[in-house]
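First the structure, in the form of structure tokens, and then the observations on it.
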Amino acid sequence: MTLFSAPFVLLSVMLPLASMVLSCRTEWQRGYRYCLPLLPLPALLLGVAVEPGWWLELPGLLIGGLWGADDLRRAFLVLTAMLWLIGGVFAIGYLKDHHLRRFCVFWSLTLAGNLGLIISLDIASFYSFFALMTFAGYGLVVHEGTDEANRAGRVYLGMAVVGEMAILSGLLMAAQLAGSGLLANLPAAIAGADRQWLIMLLLLAGFGVKAGLPLLHFWLPLAHPVAPTPASAVLSGAMIKAGLLGWLVTLPFGEVSLPGWGNALVILGAVGSLGGALLGVRQQRPKAVLAYSSISQMGLMTLMVGAALANADYAGPLFAVMALYVLHHGLAKGSLFLSTAMALPTSRGGQWLLWLLIALPGLSLAGLPFTSGAASKLAMKELLKPDSFGFAMAPYLPTLMSAGAVATMLLVWRFLWVQRAVAGVGSNPAFMWLGWGLATASSLILFWWLPWPEAVPEKAWLSAMVYEAWSLFWPMLLATVIAALAWRSVKQR
Amino acid sequence: MSRFLGITVLAAVCLVFAGALMITVWQIAGTQAPVDLPGLLADNLEASGVEHPITAVLLNFRSYDTLLEIGVLVIAGIAGISMANTASLEDPELRTSDSLLYALQRWFVPLMLVLAGYLLWAGSDRPGGAFQAGAVLAASGVMMRLGGIPMEFLRPGVLLRLGLALGFSVFLLVAVVSAMAGDAFLAYPDAFTKPLILIIETVLTFSIAMVLLALFVSAPVNGAEEPEEGESG
Amino acid sequence: MTLWLMAGLLFTPLAWAVLTLMVDFRKGRLVTWLGMAVQVLVSLGLWAAVASDGGFLYLLGGWQAPLGIELRVDGLAVTFVLLTALVAAACGWHASIYLDPGKPWHRYFWPLFWFLWAGLNAVWLGGDLFNLYVGLELISLAAVGLVALGGQADALRAAIRYLMAALLGSLAYLLGVALIYGQFGTLSLAGVTELMNSGDAQSGQTFPLVLMLLGLALKTALFPMHGWLPPAHGIAKSPVSALLSALVVKASFYIAARLWLDLGGELGGFALAQLIGVLGSLAIIWGSWLAFRQTKLKQVVAYSSVAQIGYLFLLFPLTWGVTEAISLQAQQGITLQVISHALAKAAMFLAAGNLIMSVGSNRVDALAGVSRFLPFSLFSFGLAGVSLMGLPPTGGFAAKWLLLQASLASGQWWWLAVLLAGGLLSAAYVFRVYRASFIESTDTDQFYHPSRSLEVIPMILALMSLGLGLVAEPVLSVMSLPFEGGGQ
Amino acid sequence: MTLSVLMPVFALMTSLLASVILFALPEKGYRLRTIINLAAAILKIALVGVMIWGVAHGREYEAAFTMVPGVEFVLRADALSMLFAGLSALLWLLTTIYAVGYLEDSPNRSRFFGFFSLCVASTMGIALAGNLFTFFLFYEMLTLSTYPLVVHRGTTKALRAGRNYIIYTLTGGAVLLFAIAWLHGLVGDLRFQEGGYFSDVDPSLNGPLTIIFVLMMVGLGVKAALVPFHGWLPQAMVAPAPVSALLHAVAVVKAGAFGIIRVVFEIYGLEAAEAMGLLAGLSVVAALTIIYGSTRALYQVDLKRRLAFSTVSQVSYIVLGLCLFGPLGVIGGLVHLVHQGIMKITLFFCAGNYAETLGVHRIDELDGAGKRMPGTSVAFTLGAFGMIGAPPLAGFITKWTMGAGALEVGMDWVVAVLVISSLLNAAYFLPILHRLWFAEQCEPWPHERRWGRLETSAWLLWPPLITATLMVLAGLLANVPFSPLSWAELIVLREVAL
Amino acid sequence: MTPSLLYAFAGVALCGIGLFGFLRLQHLLRKLMAFNLIGSGVFLVMVGLAQRNGQPDPVPQALVLTGIVVAIAATALAVVLIRRYYHLSGQTTLAEPAAKSARPKARSVNREGAPE
């Protein structure tokens, strides 16, 4: 608790905002880029070092502010802060002088929004930060200023605004029922609402835009590839998770079992997970493939959300698993996105090493044993046993998860394939090496030392992985076979 | 056609007006006036200082009317001379060298002056008075003017203006002096009623004659023009 | 004390008329300033005396009413006397600077001016029907003389037209007086009223009243008998126009209103009252419309007078056959309208004179760009216009408000539409002038700048008109006397 | 006692006297004029501040005298009036600063500032008016004193706009006068009073009262730019930017809205108005206006015109809020009075800056202006987001409170209106922002002026920055005492008597 | 029907005729004569009506005297004005000359803006 104090909490959110002062004067702008990695540092410390359960009251803020973190939020906070930090490091090396100041400002703004929404416990702050992140994110998306970027930005913004409005209406209705401005009171209120379906629909759709829910995902494969690479990384790794967090903190988990909604979400998740992969493998650009991969991964998480919604009893543990999964996916996806910008070293050995390091987070996504992916997948499997859930789609969950793993693996192969086609050979700035290295390292190694959610089932992970290796491995193998066949057929043609 | 119609309508309007007036007069004539003003007048005639009731009304009971009336005359005079040619009275067209007129004038002017004096004097107890006298006086002036007698004093100047204002000023002074004495405006002190009225009558006669004459003489042949506002050159 | 004041009030204008007749314009100006100071002080004193002690009857020559002439010195009369003093003094002051002393005929301005003033006072105070006639003639002739003063053909045409209308009106009035005298045997208005109310006399005739009202309406330029007014007011010198519009037309209306209030209840009728009201309304609409159409600045203001006079005639329907309270309200409204219009219109004409003087043209179009040079006069013009529009907080608004209330309370709601429409229409012509002045034109840099005092005078008047709405209640409390039958 | 009488009078007089002095000043007295302007504005803020403090602590400020028989002139400071008075006093100062910079080197400044102060005096009078009559007095005064400002430029376009403005507003004023007079005739002189007068009115009066209400709404709706009486507002945008900023964004339209608030709350009483079914109609009109204004704004290419239509839409939020017949809705409406003012004035300041510094009037000329004028553009961005209702800016507080209010009373469709309006707002504001920040400048600015190091004159730059900051603070610190929201809550607690 | 009433009726007739003339006639001097005719009618009515008791009533007679003076003053003023008007414009009626409507415009255009 040493680090926890009101100024520090405020600092962790406000530092990015405060940093915008640097944009005021031309002389300071050069230094601004070097500050980027520092901005999420307090938040990272807050996430790592402070035990969850703290809260901070800000009565004057908006309509009464309350900030704090619980187990779930801590995981999100850690992920977000880390990812932005890594992105920041990478950005130092990546950025050209083109509209540098503007990029830094929007970076800071988006970062502030992203961090703030995680530690907000009241509706107004949460929504404020959410909106801040959304709108500022536009600046990152269209940064390059190409026609493609502008088009992507337009779609992004249009859908985001509609989503915001859906969220606003949903929150408004829920808050009205709850008679409170705190997020914590919403689930109960929604659970007992007359027009539960409308509120849920609005919230699901609203956050779904951000989370890339199927049919609401159109902006995602457009926006993620056109953004500068560090921005893509945080977009796909951290910001996309904000939608998920929105669901988790507003929907009536644990209050009431809603099998109907559960079924629907599971189906949606399945569609997302498989459909994303299906579309993803046809992409020509590595970042587009990764974007679809994100959709696919979010589909898996949607699936879990559906399960949690369907059965109130499992909501708690599922949350923890989801948090873990988020952590894992965020780091891995961040690393993958960053690697798209890396130029290959000239030496053959170095190339192989690099390819390996690029591939590893991808394989981790697919659940390679002894990776973060494996840990998350195992935890997930542990919970999603068909017999313990009492809703229609429950029996198909393991199958779907395996299918998801296959799909993921396919996407990873596809990514490597197209990445190989476009990757250039040359030298990278030191900060890019550092950023990418950090990302890969945290995805592969640091993950294990990060504070996991408390409710994740305790396990001897190493032995469990050995034990479960096959079950983790066969989808990957299957996917590899399919990929190889596909490759051959393409080659023959 | 429309002209004829217009006349018809106009005539009809006038007839209606006259008819209505007629009816009203007829109806009023049939009633008895509730206030007996002549009786009241007769009762107060003693105090008025003059014997003739009309003069009493004019110069005592309703002397304010008369004061203002003279004011009206003076205004007319002023307005008249404001249009006069300032340089000269010589207006050749108005001069006649008719010998008959000249002869008449020699006979009549003195006679008329005497008549005027008489009228003025008679005013106190029988029909007559300042206005009548002034009118006769003015008529004699007109005659002299037509006859070509110069009458320099009629040239717009301080003399003419003094003459115009004399009667009015005296009247006004009497009025205000009486007010100064603590009475109402125009209330003559009892002792001086008659002489005061006489004085007023006399100067009024003079002034009335002046005004009428001045109006006759003012020939609108003023060359200088004042342009309308905003259209100046 | 009041006797002295009265004597001073009656004496001063007449005496100064004579005095100024003796001297030329420049000296007359000095003399006049003194006279105006005296007259304003006397009027103020009299007003204060009446305000504190109440009204009284002043017996001229010491003779009582049927025989002699009584002056009715009540709250309303002294208020108007004071108003006259203020407006006339302002106009006189303005004229003393505005008029060109080099023109020989201007020496006659001062006597005529003072006679006009005397005539106005005579009318405000007059309680005798015939005396009022003489007073009216005094005013009319002096006014005609002022219009014609040094004028050329157009001015003379206007003056003659004015004179003819005034004379015909006076005669109609006189005929009515003759008939009244024939019936009642007295000329005192109070006496006639008393006789009529006591019921001793046979019921009176409506025709004399109609005749008198007709004559007075002609002199007041009620629609459709307004034809003489705009040329006369438009062509006269600005201070003269101001006097004519502000005060002269009010004199005949004042008599008409007094007649109506004293005799109208008995002799008038609903139809007559409504007819007059309708004519007044038409005057408002038509006059405003014509004012809007004029191309010359002073014609705009003159036609505006036609319209504003229309408001006054709403007094007739709003006081006939209604309760005391409503009648009082209407009377107060009309009184305020008279006062505020007098102040505003005088301000407007004087300001218009300044504007014309600066741009050297009488046309509205010529005002383009003047707002840069003459904001003061323009502002006065605008303020006066605000009062004419009846917008708060001006006296015009207070008047309109009272009239609105009266028409609502009396159930004659149709006047509401007239009042509101009239306000909008007057806005139309005022803003037309204003608009012209805002046009930025590049080539009009030749402006003659009138002296400061010329600009100050209309401003003072306009501000008074503006402030009247704020102090309407104390003013009305002083002048509410006559209508309650006081004075005896 | 005397102080409590004098305070509202002083508050009114500061700008009135300033206007008189300014008229009298010669055109060349540049420095003196600025000093007088600023001094008066600061003095006014101080006075209003004192009054706000006093009102918060339950003190009464009232000055009254009888004007016309039966009618009083009342100046009174209550919580509601302080809301408006505070807003206008604060914005007067900023706009004066801005105007000093904006009108540098332009002709007729004496006239401009004179009328400008007069306008503010009228606004203050409207805020402090204690009864309908007094309100009307200042309402019309506002109309008149604004006209010279609208036609200030003297161009044909300006004159036409001025004419339309005056036709609209004077006609509205006449209708309002008619209604007020009628009401006065029915029930006498009514002071504004909490809870209104007609909660237990004789049913036979319902008919006239309904008509009067409609008439009043028409009369006030003209200034509040309710559809279909909004026509003057976009045209009036030809006026100089400070005028558009303060008057059309704040004073004039707010005067109408404020009047509606007064009439509904303190003459009719919210409950009575609801019971007579008056609010339902009004809310529909307001909703239509919101949607219509936003839709029209979408199609404007002129920046100020777009902002004007946005104003049309936004002002109706206030009206809509109080139609919601519940504390939250009313709070939302009231707080928007202030919020919209701050936000819109920011936007207009910025539009003025673009016009003055770059000569840019059309939206498609704005490409890349963010780089050239970052400060202004930041302010503009904040203002735009505030308008959209993006949190945590002021506009969000409004929308949130109002939405909650609507749900509270079961008028869910209002939320739909809010959402649609926000979407439309986003649709017409976000493209501008895109142009500002992300589009590359392709052709030179139409008419650029340089001011050394700063992007524009400091007089022009600071006001929008300050208002933008205020707007952020108004949203961010909405729950702090004396924030607009808290004050609106105080008003509802004290005066609306719900 | 007393003889004095006859005067009154004669006055009524004069008023009617005079009014017709006043409204109908264009020539200013004739108009003025018509005015005087009305005036005389009015005076007759005044004197005639009041005399119905048999004995003459001096008050209206005095009034008429005053009235006559006023009428004379007015007439004289009118004549002076009319003469001068004739002198300046050559017209004897109030009708605006036909060319008049076009003239002021042209002239004001010429002289517009010239300082006084």
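Just so it is clear, A, B, C, D and E label the chains in written order, and each chain counts residues from 1 on its own.
In this section, contacts are C-beta pairs under 8 Å (C-beta built on N, C-alpha and C of every residue); 3 or more make two chains touch, one makes a residue touch a chain.
Remember, predicted model here, so these are calculated numbers, not experimental data.
Trainee: Would you pick out the chains that touch subunit A and also touch subunit B?
Mentor: Output, common partners of subunit A and subunit B: nil, no chain qualifies.
Trainee: Once the contact rule is applied, which chains count as partners of both subunit B and subunit E?
Mentor: Expected: C.
Trainee: Which two chains meet at the most C-beta pairs?
Mentor: B-C
Trainee: Measuring between Cα centroids, which chain is at the maximum distance from subunit C?
Mentor: Farthest chain from subunit C, going by C-alpha centroids: A.
Trainee: Looking at mean CA positions, which chain is nearest the middle of everything shown?
Mentor: Smallest offset from the overall C-alpha mean is found for D.
Trainee: What chain lies farthest away from subunit E once each centre is taken as the mean of the Cα atoms?
Mentor: Of all the other chains, the one whose centre lies farthest from subunit E is A.
Trainee: Indicate the whole-number Å distance between the mean C-alpha point of subunit C and the mean C-alpha point of subunit E.
Mentor: Each chain reduced to its C-alpha mean, subunit C and subunit E end up 24 Å apart.
Trainee: Averaged over CA atoms, how far is the centre of subunit A from the centre of subunit C? Could you give it in whole Å?
Mentor: 85
Trainee: Taking each chain's centre as the mean of its CA atoms, how far is subunit A from subunit D in angstrom?
Mentor: The answer is 44 Å.
Trainee: Averaging over Cα atoms per chain, report the distance between subunit A and subunit E in Å.
Mentor: A distance of 104 Å separates the two centres.
Trainee: Scan subunit B for residues touching two or more other chains and write them down.
Mentor: Touching at least two other chains: 21, 25, 28-29, 33, 37, 41, 62, 65, 69, 72, 75-76, 79, 83, 222, 225, 230-232.
Trainee: What positions in subunit E touch 2 or more of the other chains?
Mentor: Residues 8, 15, 45, 49-50, 59, 63, 66, 70, 73-74, 77, 81, 84, 88, 108, 111, 114, 116.
Trainee: Can you give me every chain pair that touches, using the contact definition above?
Mentor: A-D, B-C, B-E, C-D, C-E
Trainee: Mind listing the subunit D positions that touch subunit C in their complex?
Mentor: 23, 65-71, 73, 107-108, 110-111, 114, 133, 136-138, 140-141, 143-144, 147-148, 151-155, 158-159, 162-163, 166, 170-171, 173-175, 177-178, 181-182, 184-185
Trainee: So in the complex, which bits of subunit B are touching subunit C?
Mentor: These residues of subunit B touch subunit C: 20-21, 23-25, 27-29, 31, 33-37, 40-41, 44, 60-65, 67-69, 71-72, 74-76, 78-79, 81-83, 86, 158, 161-162, 164-165, 168-169, 172, 175-176, 179-180, 182-188, 222, 224-232.
Trainee: Give the list of subunit D residues in touch with subunit A in this complex.
Mentor: Going through subunit D, the ones touching subunit A are 370-371, 374, 385, 388-392, 396-397, 399-401, 403-404, 407-408, 415-416, 419, 422-423, 426, 430, 434, 437-440, 475-480, 483, 485.
Trainee: Would you tell me which residues of subunit E are touching subunit C in their complex?
Mentor: Those in contact with subunit C are residues 8, 15, 22, 28, 31, 35, 38-39, 41-42, 45-46, 49-50, 59-60, 63, 66-67, 70, 73-74, 77-78, 81-82, 84-85, 88-89, 91, 94, 96, 108, 111-116.
Trainee: What part of subunit C is in contact with subunit D in the complex they form?
Mentor: 329, 332, 336, 369, 371-372, 375-376, 379, 382, 386, 389, 391-393, 397-398, 400-402, 404-405, 408-409, 416, 420-421, 423-424, 427, 431, 434-435, 438-440, 469-473, 476
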